[in-house]
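Data first, discussion second: the structure below is written as structure tokens.
In order of appearance the chains are A, B, C, D, E and F, and numbering begins at 1 in each one.
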Amino acid sequence: MVYLTRKEHFNAAHQVVNPKWSEEKNKDVFGKCANKNWHGHNYDLYVTVKGNPNPETGFIMNVKELSLIIKDQVLNKLDHKNLNLDVPEMKDKFPTTENLSIEIWKMLEPYISECKLHCVKLWETDNIYTEYFGE
Amino acid sequence: MVYLTRKEHFNAAHQVVNPKWSEEKNKDVFGKCANKNWHGHNYDLYVTVKGNPNPETGFIMNVKELSLIIKDQVLNKLDHKNLNLDVPEMKDKFPTTENLSIEIWKMLEPYISECKLHCVKLWETDNIYTEYFGE
Amino acid sequence: MVYLTRKEHFNAAHQVVNPKWSEEKNKDVFGKCANKNWHGHNYDLYVTVKGNPNPETGFIMNVKELSLIIKDQVLNKLDHKNLNLDVPEMKDKFPTTENLSIEIWKMLEPYISECKLHCVKLWETDNIYTEYFGE
Amino acid sequence: MVYLTRKEHFNAAHQVVNPKWSEEKNKDVFGKCANKNWHGHNYDLYVTVKGNPNPETGFIMNVKELSLIIKDQVLNKLDHKNLNLDVPEMKDKFPTTENLSIEIWKMLEPYISECKLHCVKLWETDNIYTEYFGE
Amino acid sequence: MVYLTRKEHFNAAHQVVNPKWSEEKNKDVFGKCANKNWHGHNYDLYVTVKGNPNPETGFIMNVKELSLIIKDQVLNKLDHKNLNLDVPEMKDKFPTTENLSIEIWKMLEPYISECKLHCVKLWETDNIYTEYFGE
Amino acid sequence: MVYLTRKEHFNAAHQVVNPKWSEEKNKDVFGKCANKNWHGHNYDLYVTVKGNPNPETGFIMNVKELSLIIKDQVLNKLDHKNLNLDVPEMKDKFPTTENLSIEIWKMLEPYISECKLHCVKLWETDNIYTEYFGE
């Protein structure tokens, strides 16, 4: 079994606030991330699949096809978007890197058929990333 | 003369539209950057100063002081902000990387006294950056 | 379960010698790392925790709190220090990247309460890193 | 148990075609990678071993020795070579990153004796890598 | 005047030999780069233009247009190609990074009209790059 | 004229103090860099030369030769050393990045004969670098 990873990129605006909390408590917990006029990030997304190389191609899956699936199913929905306002999958969810990596897994998983989705890794800044393995 | 560069980081939301144009023309020219709900970036900022090492310290200027000036004069105004709504210096200006690097120069220049500001370099994504040398 | 990683940075001096060995054998085994006048590194430290997102925040744990714990418990002890002379936890231990990652785990583990510490990853140079998972 | 990783680098030419297929089908599946005049890559290779630190050195294994093994057993065979023509181990195999990481594992595994080989990770471009764990 | 840089990427095979020299002298001077079966690289290309921001857009030039020009005029000719065999512009020239950066300048210069081409910077590996400023 | 840059790497220990000052003033100005037990860094060194490609090779100068000169003249003196104690060229000088880049220029300049030394660029951490152009 070999693991194959493809990196893609998107950028987006967001805001992290708990609507049930006061402005003060939101500032306390979420700091500058609660700015009501939004802020944003360049997100680096690494998608890992696993499987055995196909004897006809030497590929687990064609990495160009993997790239197209990521573009169609994820980047189309998230790139240059507002994660709070423009993305139905994130509705009523905190747009944290944690939740975003879980939703990206759900967007991708049904479309990986030749091999298995193994990990969604999402960098929010150069200093923070999350990983989700589907369970 | 030696050149000294300090890297800092901020992230922000923005939108690039020409209010005098139709929505169609804005989409044509600015593409996804015109999304009315904003998008955002992680910006990497490199500030270069030049001068001769001080014989008492071996420094052109104390890089910690340079870092503090950048934080006070630039990051305080731009980090986790909306470049169109929250930054007076960018009012009525397109928040492009070009214009942003010129404004950052103006924010910094009066505070560099021991040596000279040489360059403001601003990465908007891993693939795009601008440089401004003050003229 | 989601994994969250925070990157921090410190730099330090050290020397790797076995005091029971001759100078010659030390040079043989440790090469330039045995220089008696010390040498040093920029260390990049990646700390990974794992858990389920808190329904009140969308966070496994607040990454700013994680950053503060790393600063208080690790960077305060190691940053701009001599790993052989200034760090009680490293006394009588070879200050190799292997041992250092184990000690950093021990420094952090008691302070991660909301979720679980998963991995300490430590880059000594761009070409060498170690990982420790607590067992 | 600690994991230790060493990064090395090589560059090589290759071509990915299935000789049983028509030129058209090859272009369809392998795209520009099928160019009959070859193309090439800078490969970044990360080799991870695992074990317990030796009480005489604080090392799982001497990273310089690991580096020498990688140079002798892998880089000598692959660096500045044509993966289709110059490498006996790749004969009659598709020189995909998947297959290449499996062959690199086989080249290294017999020479890691003090501790255990854990992972071969191979970056083909900044956006694609594979990992092989030996099974 | 502001400087704007766009990064693009291609990979290619090549071989550096002087056909007037013996195999031995070629090995002496060009080392492993003379391998007759080719080797290859991932090239990172940074193209810098300079000008004044357009008052209608805040752009020196639209960076998407710059990207398209690079793709049309440079990447189409070089990506996944053999620099010795597939590129008419490199015929009878040593495909060194030096010469390649000069030829890339010539490919681009006629197509930059709104502002001025300032620099072609070409990374051959993580440790080597050349810059050409057109004179 | 083309510019060619080679990256090399070394690590070293140092300490920045002014011996004419009190311990307090040193801490005030140099902060943690004044730690009397030393600290250290991984230094990334970029050396740029400029010239016209040699018609026999397509090279400004052979980059392997440039690498050897840097190793012989600079890394031999600085790598895994204490910049305050082990380096005659730095005696009685503050081992700041500023001064170090000037001394590296002096070490290299007499050995670059085929073309001209243009710039010494020295990264002390990921956030700080200096450049020296020889005047």
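What we mean here is this: a contact is a pair of C-beta atoms (placed from the backbone, for glycine too) under 8 Å apart; a residue touches a chain by one contact, two chains touch by 3 or more.
Since the structure is predicted, the reported quantities are computational estimates derived from the model, not experimental observations.
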For chain A and chain E, chains touching each: B, D
Shared chain contacts [chain C and chain F, defined touch]: none
For chain B paired with chain F, centre-to-centre distance based on mean C-alpha positions, whole Å: 28
Separation of chain B from chain C, taking each centre as the mean of its C-alpha atoms, in whole Å: 34
Chain B and chain D, separation of their C-alpha mean positions in angstrom: 41
Contacts with two or more other chains, residues of chain B listed in rising order: 31, 126
Interchain contacts, given as pairs of chains that touch: A-B, A-C, A-D, B-E, B-F, C-D, C-F, D-E, E-F
Chain B-touching residues of chain F, taken from the complex the two chains share: 16, 18, 29-31, 93-99, 101-102, 126-133, 135
Sites on chain A touched by chain D in the complex: 1-8, 53, 56-60, 62-64
Of chain E, residues touching chain D in the complex: 9, 11-14, 31-33, 35, 37-42, 79-82, 85-86, 125-126
